[in-house]
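Please read the structure below before turning to the comments.
Order of writing sets the labels: A, B and C. Residues in every chain begin at 1.
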Amino acid sequence: MGRYILRRLLIAIPTVAVISFVVFAILALAPTDPLSSFGADPRVPPEVRAAIRTSLGLDDPWPVRYVKWVTSLAQGNFGFSFMSHSPVIDLLKQRLPNTLAVVGVAYIIGVVLAIPIGMISAVKRYSLFDHFATTFAFVGFSVPTFFTGILLIIVFSINLRWFPFIYDSTLVIHDLSSFLDQVKQSIMPITVLALFDTATIARYTRAEMLEHLPLDYVRTARSKGLKEQAVVLQHVLRNSLIPVVTLVALGVPTVFGGAIVTEQIFRVPGIGELLVRSIGDGDTPVVTAILLIFAVLVVLFNLFADILYAVLDPRIKYS
Amino acid sequence: MAAPATQLTTGRVLASPIVRPSRSLWKDAWWQFRRHRLAMVSLGTLIFLIVFTLLGPLVYHTKTDIIDFTLSLKGPSSEHLLGTDDLGRDLLARLMFGGRISIAVGIFSVILAITLGTTIGAAAGFFSRLDNPLMRLTDLFLSLPVLPLLLVIIYLFRDTLRATFGAELGIFLMIVGVIGVLNWMPVARLVRAQFLSLKQKEFVEAARSVGAKNGRIIVRHILPNALSPILVAATIGVGGAILTESTLSFLGLGFPSDVPTWGRILYDARNYLDIAPHWAIFPGLLIFLTVLSINFIGDGLRDALDPRKTS
Amino acid sequence: MRWRSTLAISFSAVILAAACAQTGTPSTSPGQSAGGSPAASGGAAAFKRGDGGQLNILYWQAPTILNPHQATGTKDSDASRLILEPLASYGPDGKPLANGLAAEIPTVANGEVSADFTTVTWKLRQGVKWSDGTAFTADDVAFTFTYVADAATAATTNSSTQGVKSVVAKDPNTVVVTYDAPNPNVYQYGVGYVSNGGILQKAQYAGCAGAKAKDCPADLKPIGTGPYMLDTFKPGDVVTYKANPNFRDPNKPYFKTVQLKGGGDAESSARAVFQTGDEDYSWNLQVAANILQPMIAASTKGKMLSVYGSSVERILINFADPNAAGDLRGEPSTKHPFFNGPDGLLVRKALAMATDRQTVANQLYGGGLTGKPGCNIITGVPDFESTATTSFCAAFDPVAAGKMLDDAGWKLGSDNIRAKNGIKLKLTYNTTVNAVRQATQAIMKTNWEKAGFSVTLLQTPAATFFTNTSPDGANHFWSDIEMFTNNSDPDPTSYLDGWTTKQIAQKSNGWQLGNYNRYSDPTFDGYVTQLRTETDPAKRATLIKQANDNLILNVVIIPIVTRTQVTSGISTTIKGDTPTGWDSEMYNIADWYK
């Protein structure tokens, strides 16, 4: 196993390199422009636009820019944002806490809620609870987050006045009341996100447990006099976890990538919001940095999932 | 750790090729399926929805694009059964017209994604040699920036596709292709994980020992046991695809704004939630019904095809 | 999970599209504006500095930089306006207003503008200090000019320095601006924050000119002379300010602190000012009138500021052939099959006649709430507003338009599309992704099809639409007609230049130039040439109107709606804001109070 992990880590380097190249090429080819928000404004004439593109280094062919980017990255430098003239790493540092506080928390809540819900749904299949959970989950899949977000704002911000819908990133938590303020301002975005995460993971947990419940080993365990609870938790759950582990691992990088829509609706200055805005602005240094980190996380967490498979099912062998 | 039980399965697997011709497998499945009441109701609902979108306009003659501001944002009435939108256009007519596209996009793009994902995942999980290259490819696709990628696709291919396949079909194929190609990766990883685990089990050994070929082992023995996450992915995916379709049009990749797909109507209605809730509720409900019924059909299918269930 | 993420990413596409589209929509340009309140800035204030608590401002686009010369949109320019000041602003009447660093507005009458319109002498206010306590002098003004004029700085305000020979500090309180040649627009350099940006502190920016401008830390924390100074700035998120203790007016500003939060969408921004009252000022609420009107009507907390400038939502007609074979798409050497043929003018007129601007303005723009029916491309300055186009635009009649085509031999085919000599009147109609624009497209399509055109709608995200590299962009204009908004400074010379022959956008100039229509008319070119040198105000006004009428009556463009330049929500408790349609919306923030 140790050698396998080492080999995978070594393969990860060229993998990430290839990914970064492809990503860079896509960004270079995509028709976006740092100056598009000026529209056709005669106050920013073509000469000025050309000068700005030159000053940003956009005149070089993109393979040249890629080499320059890799070179500076090798020195630990993500570069400067075109839009704010500040180091990309500073922007990421400013945004990561907000993303973790909202998207990360939502993800954890989602996973923690989903597994028991999925289990109960499976054990008590077609019970009232199961039908309720199923309906709820499918509301989650058919109603997009932009919609739930606005619905929550109308109900809880505008009609009830319980929670603010404009996230204040300048809030510093130093006592109980400021902590409560933080809870109030993040509860709606967390709810929107956790709804979806819970629904998805619960469906997979349920489906996989249903596969295992009728199997012989479960009967054997029961016939040995084990309590139902122990049977479900120790035997069925463990054997049902492989798809769940796959999904949870696939989801972690997306946490870092942020929840673009939800961040936008509730004005949470997270990574997702930064990414989508930077794409629109053609702010390549920011976009490439985020995507590179995202790619590294994808590779690492998929490796992590592979390791977990072997723990969950010792018969799985990698060569 | 409990030993996974396989005798039943193994017995079935061994028996099936010899005793039962494959037609009766499907007959069996249909018999099983019919006993699943929720699945039957759902099948009925889905058929109704398809008929509603295909044949509805033949019965309900109101046009989709008549603008009348005096009727703007009116709730359901005898004139306009489901009410009107911001420009006073009839919502029922628009939902019927747009629904064909939404349902077709939802189903076909999910079929594409599932097929791709299952094939790649099965190959990677079953053949150790292919595992690494295929999974690194999956990593690459998972890391691709979807938004700029779509812009590039439009930039490079929009006109060509329009010219090659004609406006309507070209756009449809492009949407299905894009959604399918950008969504197979989780399925591939799920299927691979199942295969890694299942291929070590006794019934696979047993099948191999009686001389079954790889292809047969994959399709007849392992795949049915890996079906449940695939079906979940598929049912969840339909809703996602219906909603994604509408967003593609915002990038200039989808149908133009005058084609009222369900996702698009829902998107347009979102800021009118407090003024004209009906506008959002009906498309939302239709998407919900579609996704839910496909889910229960999936449930029923899984039960019907379950190799462990003997009939 | 991945389904989620795809979904998220794709809906983010909507946001990308919509958000930018709205930039494109409301103001394609950074030129927003605010009105200087001469009364408040001149008169005795009814308050003392720091009497108020916090002022909350919401922009649905977040500022990313606080140097107006490096701004990439109105949001940046406006956010920096609290800190930095120009020499002078454009007031609500479109005329210069001395609410900045200049003590008065130079004119020929007061002798500060030379009779030949080449030199302008600016007298600066005495005793002004930077927020760090150091003295502001004419050197800072001269330095700012050098910074902006240096091509390597790549300032977005650079065009304000074009044709300026020098800006010299004559003494600590006097600056002399000299133009290369007589410039009828003598306020080109010096007036207006949008086009000129603010005066930078030489001490802070000395190391930032030229090639070093792109990684200048000062851009995130400029020192200014304005009423507020920076407290914290998170690019793309929020700016907090506090009252500048060294501001030249001892009683201003009223608020102790200001928070300018960015991000989100226009619709919920409207909710924040009208429904919850969380925000005191909410920028650029360009949303459909039927969302806005009920909110405003029911609101006890906020009201709408609607102020016109020069923004016009217009349709452009392509004179080149967007479907020409090979490399010739959109080249001026090709001719549009029906807009630029022998019947070109007639077909264009029919299209204009079938354009229902009244319905669009009343239903989508709230009949004056965010826009009114418009018929001129030059609008906002009363002296320049033509009346010769009124009757032409009043004649909305798709049936008559169809008849006009019929009489000229454009007969309806079995497919309900008019055709002549095998040429069908089939149009593609491109614009940015934006709810109001898509509703406009739907209305246009209905009426044009009544007249016998066939219309295919296209939408492009604004980020792609407003770039010269995209085949779906406004510059390439590879569709038959396209629609967007644009605006200009009070002097429209450079704006009108965008329809002259030498400005035609084509492949050889990288689609960079401003004449997207590929319109070419020596008469029109002549008007613009004369405007460059004519100094007599009355003759200038005539030339501007002639140029306007040329574009409208020849149906080069079809103006639809004259849009408000300021379209913001403001709390009913805020006083002292007298917005202008010609300058930054924050131009008189020093005068705001509760």
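Throughout what follows, a residue touches a chain if its C-beta (ideal position, glycine included) is under 8 Å from a C-beta of that chain, and two chains touch if they have at least 3 such contacts.
These figures come from a predicted structure and were not determined experimentally.
*Asks:* Quick check: more C-beta contact pairs in A-B or A-C?
*Replies:* Most contacts of the two pairs: A-C.
*Asks:* Let me spell it out: compute each chain's centre from its C-alpha atoms, then which one is farthest from chain B's centre?
*Replies:* If we average the C-alpha coordinates per chain, C ends up farthest from chain B.
*Asks:* Suppose each chain is reduced to the average of its Cα coordinates; what separation in Å results between chain B and chain C?
*Replies:* 45
*Asks:* Between chain A and chain B, what distance separates the C-alpha centroids? Give it in angstrom.
*Replies:* 22
*Asks:* Counting in whole Å, what is the centre-to-centre distance of chain A and chain C, each centre being its mean C-alpha position?
*Replies:* Roughly 37 Å, centre to centre.
*Asks:* Going by the touch rule set out above, which residues of chain A reach two or more other chains?
*Replies:* Residues 31-32, 144, 146, 150, 158, 200, 247, 250, 276, 279.
*Asks:* Specify, in ascending order, the residues of chain B that touch 2 or more different other chains.
*Replies:* If we look for residues of chain B contacting two or more partner chains, we find 142, 147, 151, 155, 185-186, 236, 240, 243, 267, 271.
*Asks:* What parts of chain C, by residue number, touch at least two of the other chains?
*Replies:* Touching at least two other chains: 1-4, 7, 9, 11-12, 14, 16, 461, 464, 470-472.
*Asks:* State the interface residues of chain C toward chain A in the complex, per the touch definition above.
*Replies:* The contact residues of chain C facing chain A are 1-5, 7-9, 11-12, 14-16, 19-20, 23-24, 27-31, 58, 61-62, 64-65, 67, 70, 72-73, 151-160, 162, 194-195, 211, 213-217, 219-220, 232, 234-238, 240, 259, 261-265, 268, 271-272, 275-276, 278-279, 461-474, 484-489, 494-495, 497-498, 509, 512-514, 516.
*Asks:* Can you list the chain A residues touching chain C in their complex?
*Replies:* For this pair, the touching residues of chain A are 31-52, 54-56, 80-86, 91, 94-95, 144-146, 150, 153, 157-158, 161, 164-166, 168-170, 196-197, 200, 247-248, 250-251, 254, 257, 259-262, 264-267, 269, 272-274, 276-277, 279-282.
*Asks:* Quick check: in the complex, which residue numbers of chain A touch chain B?
*Replies:* Those residues of chain A that touch chain B are 11, 15, 18-19, 22-23, 26-27, 29-32, 126, 134-135, 138-139, 141-144, 146-147, 150-151, 154, 158, 200, 203-204, 207-208, 210-211, 214-221, 235, 238-239, 242-243, 245-247, 250, 253, 276, 279, 287, 291, 294-295, 298-299, 302, 305, 309, 313-319.
*Asks:* Hey, which residues of chain B end up touching chain A in the complex?
*Replies:* Interface residues on the chain B side: 1-8, 38, 128, 131-132, 135-136, 138-140, 142-145, 147-149, 151-152, 155-156, 185-186, 189-190, 193-194, 196-197, 200-201, 225, 228-229, 231-232, 235-236, 239-240, 242-243, 263, 266-267, 270-271, 273-274, 280, 284, 287-288, 290-292, 295, 302, 308.
*Asks:* Using the touch definition up top, name the residues of chain C that touch chain B in the complex.
*Replies:* 1-4, 6-7, 9-14, 16-18, 267, 287-288, 290-291, 294, 359, 363, 433, 435, 438-439, 441-443, 445-446, 456-461, 464, 470-472
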